[in-house]
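This report concerns only the one structure given below.
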């Protein structure tokens, strides 16, 4: 059996960055307070020391941070730019969505542009939309962005390594509430996780829940509860939204006959619509034969407020998963 | 032109209130009733926002830095509502601001979670003043950190082009999170930023109440009288951590101690005493009165309701 | 019969703005080269003269233009801010999506913020993504933005008037290729078109095409052709995406049994996913009984290039509508 | 330090080429083969970009204003490929830039459809130069209009903080679409923008080839030698409409005529003739040679392929 070490989510990400920076000296990282506060949220004390100026602090100029990542990637560097939160991606939106995600295509350039845009979503506590919001659905609509949203320390490490080695731009969104969570056994030996491969986080036979990032934990907790009531839930963790492992969803739903799509992003025009359509397009007959129509569970169509008392009501919780599953034809 | 005694004492009261309120908020946060930790304390930086607000009317528009919002009682908010907003209570049904500090009718338009998105919004209030032909003004205070961002620049460009009634202010407390202002600016005087736009810029000792009051008065009056935009930089220092709990590994030893020596309170006390306006007995009396006020306000604030889900739903524009 | 005048799309929009500015002196409009070039694309020679400084030119500072619109709206003005193209909305994205669309909700403020953000999409000719791209799918995911996308001069006028009178923020996207198109008879008498009311642009019984903006014209042309081959197409023009007239779609599909959703926005995570999910949620049984699964037709998952020769291949055309309809079970 | 004769004549040739090429492009657009109308002509503004490029190596990074891209032959692109890019042909399979001007290997990173998004991207090239420790430089030229935008400001802030090898340039042709620079700036000298960032700023007569060359040389050399960023403003004038077809209702009568008097070509001819470097016969000869070159290039450009859909699909990252 392979050797393992115990790492939490944030240390797993840190380990991935460390390893890749050691492996390839073109990898560099910049953003706000990475050095001065050892990782902006203090995520990773000490991790950055050995790389000297290859990790640098910037002023608070997110549009410039993002754009320099792109320009440096076109000029031979493999940058990781740190943008703190998935909500802050909106302040460098044009650069990310249109230029990083589209400019190469506008000009017909299929050459490399290896850029990792790194941030976190899912930070509650009354900090409001920018710290808590899940913005991935927006970036799925960009023509050229890969999107990674890991739900475990194991996945976080393997996917970060793949992201850094990818020759195309990748948005890597960590999930805030997991960062300092429980340690998991992580192989000491190097491993990479390919993009576009979903992971079955729990097997089941009555219903498929497709989810990713922070929602996986909630789906698993709900599955545990539902199991007690005789409902067997399969939890499919997409891990990457672009590319999307549609085949894995289809395979699971072929078995269960029911599909629930759950995410923390807001419902209206959220990722669920795309996921459902992809399944319909890939397996129209399967969709026709479902035991009950596809459902979605998502954040309500409201901004996350500056109030600690409302988050829980606006964002999907374990009980909401349980409740909606029960409406899906188990009587 | 001498500052009236009442104004001087009002600022003194507000300064002491701000200091004691800051301590009280830290205490409340430590007990956990706020529901989260990590308060962004502003102790030591109160003089400048107090002096700014001493020049404003309730119907003027004002944005402070998020860290200094707790001084908004100086613009007319109740102490209770200020504390309430800091601990996520909703005082709007009692006439206070909404969750945190948002109150368009009293000139508070927003803090944006992405810091530095406010300047265009506040400039919009100045545009409205232009169209409504009132004599209101708009004061938009940015931290040294967020002041580097693009939206502030664009808003300054447009404020100059349209000659709008707004005073841009940089509250320079020398740090943005762990980043020293020396690292993000290669100019010594942040007021030089004004030279890019063609309006006046001036730097003032933000720990000096009277100097701050006078400089702000000059540019606020100017804006009110159609003179257009300007930039004021208040120099102060973030004596506290970025947030309660931040280990402050970036701060050179001894730096904070040096700045404590420049603290506004003893300096202002001495000035007022030298002017014969304040006695040792007054100091004591004010202190006791204010402490009692804050106690009372804190108790009232804790009794304020949390934001209600039902009310919140009224903000929806479509099915939720 | 009501009196009419002949107006093209751009003049209809101009007439609406004129009328509303005359009616309510709080209405004001600003943006780039509105005055200096009489409407930035020269759309409306002479229209702006009578309002003096109520229409003003700005420097090229889109983040400021958008933000001032919001601030002024909170301070008692009813601004129309002109942002030229739907692609340029991305450069003021944070302000539009998070602040205009969310800040009131973050703070629990249900008071008025009457702002119209006006721009155009659908400008081809090798100008690339920013001039051509349809970005509405992004803004549907914002918690607090209404979205108007008219397809005729008549609708353009009535919807602009409603937008200006709305107390909440509205994005109004004109369709470039229609601006200087054929004149239509427009009632001289005042009319407003409510938001959230779809319009059946053509009745049919075999298939429903849901579309909006520039796609409506293409759907109608396709319907004409398909009719010759015995396929009767109903064209539902949503007119506003938020709020969305789901009931009208359901009603149409109840009749036709088939649903195609077509838009010029990019396919992945485009509006079609939301439309389909809303229909599924509103009428699960209907969806189960469809003659063929829901399909979508949209721009390919690529940025619109800086090349005049590729637009037609990337964007859905009349022939594509015809071709996809024919795959929907007409044999 | 005198400019070598070869350099002076190279710039002369390039200046004349630019002028004649501009005319040729207008002619091509008029025939309709470009597939669209509305060329953004740059006639009269050629001297400054020519002088800039005379200081650059092929491996330096350069962005010009979109209007002046047709002068990129001066950085080493073939005339054929320049014309090809202007009329949407794809010369990449023959070693030219892709659709329009995008060629990372030769220092051309992008024009963005939203003008003014380029400065952060070009600054990224300067970051790469820093990491790779080469002696390349980056020159980012913005129009007076787009230079007001936020991304340029943020990039300038960061360039100063990191002391990066980039020269910021404003190509001030006095207009942005219909908006006079006087309306969007309240400073007389646009180089004052540099004062906000703490690096040098200098304005030069952009219709004066030699002055422009010298000023650009100073700051490009400085950046190449680790001296960090700077700002140069070239003053010129948009003699042409914003696009071919624009009725120019915003332009005061007589203004263009005044600027025609300052046209770079007769001035530079006189200078070179005074220096004894150029004769009337040379002028004639160059003119004929260049005309022939352009004719040939235009014919070759029209034979270039349009962008191919199959090639384009290679840019996809996932199912289309």
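By written order: A, B, C and D. Residues from 1 in each chain.
The definition used in the following text is that a contact is a pair of C-beta atoms (placed from the backbone, for glycine too) under 8 Å apart; a residue touches a chain by one contact, two chains touch by 3 or more.
Just so you know, these numbers come straight off a predicted model, no measurement behind them.
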Any chance you could name the chains that touch chain A and chain D both? B, C
Identify the chain pair with more contacting C-beta pairs: B-C or A-B. B-C
When the centre of a chain is set as the mean of its C-alpha atoms, what distance in Å lies between chain B and chain D? 45
Between chain A and chain C, what is the gap in Å from one C-alpha centre to the other? 31
Using mean C-alpha positions as chain centres, tell me how far chain B is from chain C in Å, no decimals. 41
Let me have the rounded angstrom distance from the C-alpha centre of chain A over to the C-alpha centre of chain B, please. 37
Two-or-more-chain contact residues of chain C, please, as numbers and ranges. 59, 61-63, 87, 90-91, 94, 98, 103, 105-108, 128-130, 143-144, 242, 268, 301-302, 305-307
Going by the touch rule set out above, which residues of chain D reach two or more other chains? 90, 99-100, 112-114, 117, 148-151, 154, 157, 161, 183-185, 307, 312, 315-316, 318
Among line, ring, star, complete and other, the chain touch graph is complete
Interfacial residue positions of chain B with respect to chain D in the complex: 148-151, 153-154, 157, 160-161, 183-188, 192-193, 195-199
Counting only contacts in the complex, chain C reaches chain B at residues 26, 28, 30, 54, 56, 58-59, 61-77, 79, 94-95, 98-99, 103-111, 143-146, 168, 242-244
Given the complex with chain C, which residues does chain A contribute to the contact? 87, 90-91, 93-94, 97-98, 101-103, 105-108, 128-130, 137-138, 140-141, 143-144, 242, 265-266, 268-274, 276-277, 280-281, 284, 287-288, 292-296, 301-307
Footprint of chain A on chain D - complex, ascending: 61, 90, 92, 98-100, 102, 104, 109-110, 112-114, 117, 119-129, 131-132, 150-151, 154-155, 157-158, 161-162, 307, 311-312, 314-318
Can you list the chain A residues touching chain B in their complex? 32-33, 36-38, 40, 42, 57, 59-63, 87-88, 90-91, 125-131, 267-268, 300-302, 305-310, 313
